[in-house]
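Got some structures for you, see below.
Shared between the two complexes below is chain A, which has chain B as its partner in the first and chain C in the second.
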Partner chain A sequence: MATDAKPSDDASFERVDWDALESEFGGLSRRQTAFLGAMAAFALGVAADVAVGGPLPLLGDPAPLDWLFRLTLLLGTFYVVLPLYDDPRMTRHYWRQFKRNTAAVISLGYLAVVFAVGTVGPTFLPRPELDLLARRQPPVFTSVAADVPTTCAGEVVNGMCHGTWQYPLGTNAQGHDMLHLLVFGMEVSMQVGLIATAIIVVVGTAVGTSAALFGGLVDEVSMRFVDLLLTVPTFFLFILIVYLYGGSLFLMILVFGLLSWGGVARLVRSEALQRSEEEYIRAAENAGASKAWILRRHVIPNVSNTVITAATLTIPFLILAEAGLSFLGLGDPTTFSWGQTIADGRGELAGAWWISTVPGVFLFFTVLAFNFLGDALRDALDPRSEV
Partner chain B sequence: MTGRPDEPPAADRSGEPLLRVRGLKKHYPITEGVLRREVGRVRAVDGISFDVYPGETFGIVGESGCGKSTAATTLLRLEEPTDGEVLFDGADVSAASKAELKRFRRRAQMIFQDPTSSFDPRMSVGESVAEPLRIHGMRDRDRRRRIAQDLLERVGLSADDVDRYPHEFSGGQKQRIGLARALVLNPDLIVADEPVSALDVSIQAEILALMRRLQEEFDLAVVFISHNLSVVREVCDRVAVMYLGEIVEVGPTERLFADPQHPYTRALLSSIPTPDPRERGRGIELTGDVPSPSDPPSGCRFHTRCPEIVQPDGYEFEQVHWRRVMDLRAKLDRGEVGRESALDLAAAQSTATAGATDGARATGTPPDEARAAIRRAFDLPEALTDERAEAVLSEALGLVVDGDSDRAAALLAKEFSTPCERRRPRAAAVDDGWSATCHLLDGSRRSEGVEPLPGRED
Partner chain C sequence: MGMGLYVAQRVAWALVATFVMLSLTFGLLAVTPDAQQAQFAFQQAQEGASADEARETYQRVTGKDGPLFDRYKEYMIGMVTGDWGWSHTRSQPAIEAVADAYPYSLMYGIPATVLSVVAGIGIGLYSATHQYTKADYAGTFLAFFGVSIPNFWFGIMLILLFAVHLGWFPSYYDTSHGVWTLANAKQLVLPVIVLSTAAIASQMRYARAESLEYVHADFVKTARAKGASEWRVIRHIFRAASVPISTILVADILGLLFVASYLTEVVFQIPGLGLLSYRAITQNDTALVLATTLIPVFVAIVGNLVQDIAYTVLDPRIDYGDR
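Coming up: the complex of A and B.
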């Protein structure tokens, strides 16, 4: 600082030498530096991947989808995890509110496991391979007629094939280990749910808050565009894309992400309009803050409750939509989506009931858990309960 | 500025004013349809001028809706003025560039009415107080925090409060924090928009005392906006009285309160409750509705409610009766009095006085009954003292009862026209630094009228 005052004096506002400090720009906080660093590393990684075109040292050979997922995780870290870590008082307050809902706490635990296993698991597990000898093995502790599996991996007692720990959840008609399929399915569900939701949140928040803050033509044009967007039939558009380019999880996520932010934008706009009437916005303006500053420091933090709740309730919808499309055979044939596994087992229900049932149960609980979580977050983050 | 003695801050008015407002206007367009065609405008602030000197407290009073708060936000350029200029320390704020405006923001701060909504619920109060420092380029986080702690202590809170959130404080405490935030940039001017209206009376006194202490300590000029005349009398050196977007009187507080010159100021001051029982019941009651700023009255804006409205040439009214005749005229002009309403009035009054058994008479109300009913509704006597005026009034009432309200309105407008509705009054100097904008003072009635202040004529 340019003041030559004694250290004890620099705490008083009259001693600030304002001519030495003129702008709100020109430097970055620690978190901003870290964020920009991470984004730069990310961009570098993508650029290297594009340039080399083959496997990279350390990074392997990530698909575009993997890059998007990493970006989503990066955003989540900087905009959800770090703020919570930075402000333990606020975090404890929310946690107290949140833990009153036992079902939601259990859901959170379950989803944390699904997320961790789905994110890390597929890198360690081998991709399921066709194994004709291991077809239709029953899960451990259960038994089926010995003629259902090709060859029974466990004991055959009284013409019944018993499951073994070799295949704890059994195998499907191609001899894929159901446990592996489950883990790969978790990855697909997490990718669909989180990436598409991240797109929806980022675009919806940006459009909604700008519409509210700038008003006038910006508001009119963006909201009419949202009207238009909400009339686009996402399903048929996706079928068209499958017809043109073939089923691809990457395209599915992009289509869902880029076509479904209209609702969030509307919600955020109305919330931001309410907030921008508040006097603290005027106080910031009067202190000389720019629109961008007000947007970032005041409007977005104050609409975040709405956004987080809406996002948490969007995730299960997207996961179900992906499973549904995969079930119909419109999914990505190269991935092991739960919907696809369920569809594969549909014809086997009479003999090998577990093929459809195991992923079905996990799909059900995942969707349920996200719904519980969304409800609990809405209650915990409601500003009216903060007073 | 030299050190002042302990008496109320007598501002140094010999030097240059810190803030000079000239002909400031803020109109809000009323739009219609998709194309936002302008169909009218709300004249929230319509040409106000005043000066504020360094270290002085300048009050702006008026009823709610008279444009006080708009005046505050417009002079700080939180809203773009429609017209006029604001000179701060000699530089025109209304034409300032982005960088100049930002520098002005550092020197002029605002305190808000609602202490609850003026703090971001997601920021700790320390962050809120220090935010202006950050905006103006102080990057040192620890220093910002130290300054916030120091300031919180100076406004009577504890340094440990920096990490607490707004909802953990009471209204009075939040207003203290609001003062801290306003002070943090070491401004020269603070605009306080109803700073104590949302607080309990006991807390009000504390906050006002704190404001006065800080004002003396940091030599601040304060524009104090309030509808509370007692508070204004206590804190302000000079005061401007606003009515419908215009300043009707401006002068030194004590003298203005002791001897108000404008009829509106007199009416406003008479509404202050007084502890002296002998003084009670002398309030001036304003009749007529408050006009809308989207369609302000012609001439003097107060003429539709003024108890001292100038009488028409050639007639001698009792002043109260003259006022009531004007109320009748106003309602006739707006089409709110007609044959139907007169008959209804008569019917209602006759049932009220004669009881329900005579209600049958109401169906066939005779015309003179209806005329009398209108007189009663407007508190007019059976007959005016001036015979010629009475003749005109009876004729007009006759026309109303015959169903020709338009001609009645035209007749009254022709016969009973007052300079107050025809011409806008000019500001007339009452004394040094004291002026009022009224036809009673501006020489249109008194030939010995004084020169109007520059910059006030429209």
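Coming up: the complex of A and C.
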């Protein structure tokens, strides 16, 4: 994004890309050094986890999924947040474009809250545990017939059990606090949405650019494979694979990521082919730049907007797919996915209406927010796709 | 490239895609530990037989002791000739179980498809010709709502409101009613609403985008200049936009409906393909799971083929050379 060169850019002294100049003198730029350092620290952490096999100092005992999530956040920081921070002028420009869409701004705020709560919350909250005395408590300000909960935590008036602030959103049939379940569900949805999307972006960009770069057989084979990926309804492949190999969240995310990159790859390939006809690429070629250099310095930064938009629009599909699989009982039994909570409330509709309702509302708004966000990003980042 | 060659190429591609998918599923099955085998081994162990013997017996009975390539050949021939394995939970061939179930899926799938096509194209056209009006914003909102709402949760909410609280519709599907009875129509109302919401939304989005390309076209301006009525103008636009709109139907809407109907059937307990597949999953009936998940895959491949061919037949401007 940072190097999205526009003809109107002022070429003043401040605009010189010092990173590029520094790296030309054989050394590494500050950002590259920081990135390599972070990657090395990450690799060290994974290696230590594998070697020790138990809890680590400072880090606790992260599961493979946690490592993957950290890697995703690391990539996000270096490829989305830092470039925006480095180029305040472009960032302001994007923000002005983006700000026009009120729904998208609200969505961004909502998603930021869900992300923060979902990432931090589960480390502080205790895992929900079976509590037979706290079953089916109604949310605060509502009431149900007193025979629905085992024992009413609030007051009982005229045979109606009233909700209390102890369980602001009520509890489910296992006595899990709905609020805790919501927070744990946020973690699952964010992990599915972000990690799988990171896989999609990395694989899709790699395949798309190499198809455009090498052409010939590589192009033919990889694009035929993409055709196949896009023809087949992936949801049914998810069902089949998760059925056969068991539904751990780690496997699910991997399968989602590795089967859904077709659209991004096709997009990147066609963008890369289009861009390689442009003047500045010709100029770079004439100056003796290698194909790989052109790809890395000129093509990838210029297709990144398209990639980010496409990636944002696949997140809702992935979150819905995970919720759907969990609803079918194919999800990870050790996590508290929203889809699973909704399924648990399916048989309780007559008494405890809130069990299915509450997580569904959050699932709906999360998916809606990602759709709004993707739509606004397309308008702000990609002026060519006017729909 | 001529059109005949192009069509032949697409058909060949569909065959290759089918072949690859079948090989892929064989590969997946071949490296998976078999749940039924574990169960059988457990039974044998209880009766005092050794685990190794049990495994050998099981593999001999199910034909899994042969070399991999022979098994692959057998599997592929079986798939092509309609021998899709034996459903042990239903004690009938998997393909027969599917044949028994699919009328239930069609019973609400067809009304939902018709509804979503008509309403989706209608709203999309209206939105496009009335761009940036309140009606257009309402339509866009509807589209966002439709693509974002998790359909299984939407179904549960409809049951909660209309079945549990208001009691207008039954909450579960009851197979004892005849197909053409009022009671049957009544219990299909909620599933049709759930299924068509998502389909209307995506159909509408697409119809709006396609129609917008022609709203400011010269022939539309001419029609307006001649004083054509609004209805006539819309017809002009529809004629031009109908080719791309109708081709999206075949593959995309079909795929969407398959995914949506899977979860919808589980929510409403309609004994169609989705519920059959769901029950097969919970009961570890691998042959039936395979059959019920492969059918949508094949339908999608054929749908894509039909879409490609329909596009070339309907729109003579298409260039076959490039993809």
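Heads up, the rule we're going with is that the second predicted complex is superposed on the first by the 338 of 387 C-alpha atoms of A that agree within 3 Å, B and C clash if a C-alpha of one lies under 4 Å from a C-alpha of the other, contacts with A are read in each partner's own complex, and residues count from 1 in each chain.
Definition applied: a contact is a pair of C-beta atoms (placed from the backbone, for glycine too) under 8 Å apart; a residue touches a chain by one contact, two chains touch by 3 or more.
Keep in mind the model is a prediction, meaning the values are calculated, not measured.
Legend: residue contacts after superposition of the two complexes on their common chain; A:P301 is shown touching chain B, with no touch to chain C. Once chain A of one complex is fitted onto chain A of the other, the partner contacts of A:F327 are limited to chain C, with no touch recorded for chain B. With both structures placed on the common chain, the touch criterion links A:G288 to chain B but leaves chain C unconnected.
Shared-chain residue A:T231: touches chain C; no touch with chain B.
In the superposition on chain A, A:L349 makes contact with chain C only, while chain B stays out of contact range.
Looking at the shared chain after the overlay, A:A43 reaches neither chain B nor chain C. Across the two superposed structures, the residue set of chain A contacted by chain B and also by chain C is 387. For chain C in complex with chain A, the touching residues are 13, 17, 20-21, 25, 28-29, 32, 144-145, 147-150, 152-153, 156-157, 159-160, 164, 171, 209, 212, 255, 258-259, 262-263, 266-267, 277-278, 281-282, 286, 289-290, 293-294, 296-297, 300-301, 304, 323.
Chain A contributes residues 223, 227-228, 231-233, 235-237, 239-241, 243-245, 316, 320, 323-324, 327-330, 339, 342, 345-346, 349-350, 353, 356-357, 360, 363-364, 367-368, 371-372, 387 to its touches with chain C in the complex. Residues 73, 76, 78, 101-102, 105-106, 109-110, 112-114, 117-123, 128, 131-141, 143, 146-147, 149-151, 163, 167, 181, 183-186, 218 of chain B touch chain A in their complex. Against chain B, in their complex, chain A makes its touches with residues 1, 10-14, 16, 18, 21-24, 26-27, 29, 89, 278-280, 282-289, 293, 297-298, 301-302, 383, 386-387.
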